[in-house]
Amino acid sequence: MPETTVPATQPLIHARALTKCFGSFTAVNGIDFDVAPGEAFGFLGPNGAGKTSTMRMIGTVSPVTSGELTVFGLDPAQHGARIRARLGVVPQADTLDSELSVLENLLIFGRYFDLSWAESRRRATELLEFVQLTERAGDKVEPLSGGMKRRLVIARSLINEPSLLLLDEPTTGLDPQARHLVWDRLYRLKQRGVTLCLTTHYMDEAEQLCDRLVVMDQARIVAEGSPRQLIDKYVTREVLELRFRRNDDETDDSAHLDGRLEGLAERIEQLPDRVLVYTADGEAAAATAYERGLRPASVLVRRSSLEDVFLRLTGRSLVD
Amino acid sequence: MTVIGLRLARPGAIASRRSLRVLEHDLLVFRRGWYSYVLSGMSQPFLYLVAMGIGLGLYVNRNGSLPGGVPYLDYIAPALLVTQAMMAAAFESAWPIMGKIHWDKTYHAALNTPLGALDLLAGDLMWVAFRATLLSVLFLAVIVVLGAAASPLVVFAVPIAVLTALAFAAPIMAFTATQTGDGGFNALFRFGITPLFLFSGTFFPIEKLPLWLQPLAWITPLYHGVAAARSLSIGQVDPVGLSIHVAALAAVALVGLWAARITFRRRLVV
Amino acid sequence: MIALRIAPPRALTRPTRIVQRNMLVYRRSFMVIFSGFFEPLFYLFSMGFGVGALIGNVPLANGTSVPYAVFVAPALLASSAMNGAIYETSNNFFFKLKYAKLYDAIISTPMSLNDIARGEVMWALLRGSLYAIGFLVVIAVLGLAGLGLLTSPLGLLAFPAAMVVGFGFAGAGLAVTTFVRHWRDFDFVQLAIMPMFLFSGTFYPIDAYPPALQAIVQATPLYRGVHLIRALTTGTPDAVLLLDVAYLLTMGLIGLAITSRRLGKLLQS
């Protein structure tokens, strides 16, 4: 079977009006996106936004309901096995085989990709080194920590030397050290030219790893761009956070703002515990607030982040 | 649905090269704990054979009430050969498959490789056949050592046992793929497997059952497996009867396979 | 109600909390409990009547001959008491001990290790008693026991006797399970239970064995249980019954003592 090579200009993943329904429930509702070779592409969104369903369609394990989808220029419905042969997948749940050892988990996966035992062993050894699990090769999977299991799943997804790696929430549930180790390994893969396609609901992860991302909410794509572009487009440069003292009557002083923040910034958001003021100059806004007689318990000026974009786009009641 | 049915008829559609990889996986697991499989698989039929065949046999043989005056040991030995294959197949198709589908989700991991849902089904059915073959051959050796087989045709009881194993494994795997917990297995074993073990002509001729129960025994696959293996073992083969038994087992296995292809797809390809 | 609250000593009330906890769990899976009732019945019909038709009569210890079903029914009652107790105290107890970490949570309450051990035994007995009553009713209706034919009211004692068998095996089962490290180890438990079930005079008299083997079989707890219940349902009691009861009670009590100590090691170290 001749290898289908995608010209550098043609996208690795191409989706138009891509839709997935489970019965009457629409998980993915007509989304368009392209992922270019060598790119790190992210789906950012809250739980239930349709990220995993999209990833499963790309991974050819979930049939497309309607719309257009090609992976490596191939149709998943026709060439599922050929696509999967060139794909690495890190699913949300670890799905490791508890009856096999760490090394054997990789070996048998190599066999699933039709590698010889010898080749499978060579790659497995190398990959265990790559994810720093060489010492645990003979151990069972069960006693491994969450971070180790995650690294093992990543190693497993690389056994066929994939040119496209799909990662569904690669660091959910990991402690900070473990997350950074995973990020480091993914960054190295990217340097080697592996295309990354990942989902996350962590903003820092999206900022760390993604060249470009789409924000998904309620089965649709609601924004697209690089992390910087999204911040520039949807939020201001800085955010002023004001916290007020809680009174005995369970209201806090912010209930008595009496419109004193009006006109202070282009957008103001009142949360249960604090007030966010979106502005180009946080210090100046804080000074103005003082001048207008507000006495918050604490004041914080920070650079705006992807989190602000995310919350702006996926909803939270706004002060108008 | 009809497409699946039609494909079934195409030779080679059942066992693709890829499904062999799934079998390899199961053998890798087996290599780690083969002694435990053999020990737990062999001990039960062996103990039943000695206790019932030799111990209880003293009292049964006294009356010579079995058809043809067959010694009780010879009577139950081929039946136990087949029932142990059924037991192993039923077990393997229940909890371990549930683990792969639902608890550990290792099937889902495998589906991210070029393997497809039907490769998983075919591979694990081959594993059941492997396990049934291995244990049947070992048990056959026990039977021969104890002198419990009158005819050399008893060697053909092994393929009968393997076919019986598949006749149980395929429908039970089909059932497992529809479950989300192991609650149903309790009922399956208590009201399915155990009664079959006890009433399918294993320990006494089904003619001793109440008249209204006999047709029920007839439609169970274990009865056909036991009857076929017994006729071979005691060397009283009736070609027509044997063909009917084999055909019945094959029919159940194929219907089970057909059902399992549907339920596996439904469960794993969503 | 008030009398109840005051009368029983703590040593008996606290363990009932374990029973209550298990009842809460099983309330949702009634079928699992209910279906256990059928297993001994299936064996009774298959062995007692099916195989019984091939055998006819078998001799009892005192020389009288009885139909095979009458011979095997009490043995199946004893075996089901054993199996019920072992099932509840092996797999289920192990799961609660090692996986659900149930007892780690319980020992942070006023419940003691003894309470846990006693409570689990009580629960196993409660479950076992349901099966014993069901089975006894069936064999009484079928006329396979003394009480069915009303020849011997001793048959009624088969119920407490089944409880004694259950107690012995429940205590021993818990004790053994505290030493189990992996599910696979239960294969070895089965390797002890299965031969006992098949060779302890359950399905045929042990006269056929050589004397040395007879002595070994007579030393097994299931043989004692079968002997006890069979003597009662067939109305052929002798003084050895006291030995049977003493043997099984001692086994249960030693098991309980070991369990409490082992739980201390496992949970409080």
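To keep things simple, chains are lettered A, B and C as they appear, and every chain counts its residues starting from 1.
Definition applied: a contact is a pair of C-beta atoms (placed from the backbone, for glycine too) under 8 Å apart; a residue touches a chain by one contact, two chains touch by 3 or more.
Since this is a predicted model, take the numbers as computed values, not measurements.
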Considering only which chains touch which, label the overall pattern as line, ring, star, complete or other.
line
Chain ID, smallest distance between chain and overall C-alpha centroids
B
I'd like to verify one number: the distance from the centre of chain A to the centre of chain B, where each centre is the average of its C-alpha atoms, in whole angstrom.
47
Let me have the rounded angstrom distance from the C-alpha centre of chain A over to the C-alpha centre of chain C, please.
56
Roughly how far is chain B from chain C, centre to centre by C-alpha average, rounded to an integer in Å?
31
Please give the residue numbers of chain A that touch chain B in the complex, ascending.
22, 59, 61-63, 80-82, 84-85, 87, 89, 91, 93, 95-100, 104, 107-109, 111-114, 156-157, 160
Using the touch definition from the top, list the residues of chain C that touch chain B in their complex.
29, 31-32, 35-36, 38-39, 42-43, 45-47, 49-51, 53-56, 58, 68, 184, 187, 190-191, 194-195, 198-199, 203-204, 208
Residues of chain B touching chain A in the complex
18, 21, 24-25, 28-29, 32, 104-106, 108-116, 269-270
Residue ranges of chain B in contact with chain C within the complex:
33, 36, 39-40, 43-44, 47-48, 50-52, 55-56, 58-60, 62-63, 65-66, 72, 183, 186-187, 190-191, 194-195, 198-199, 203-204, 208-209
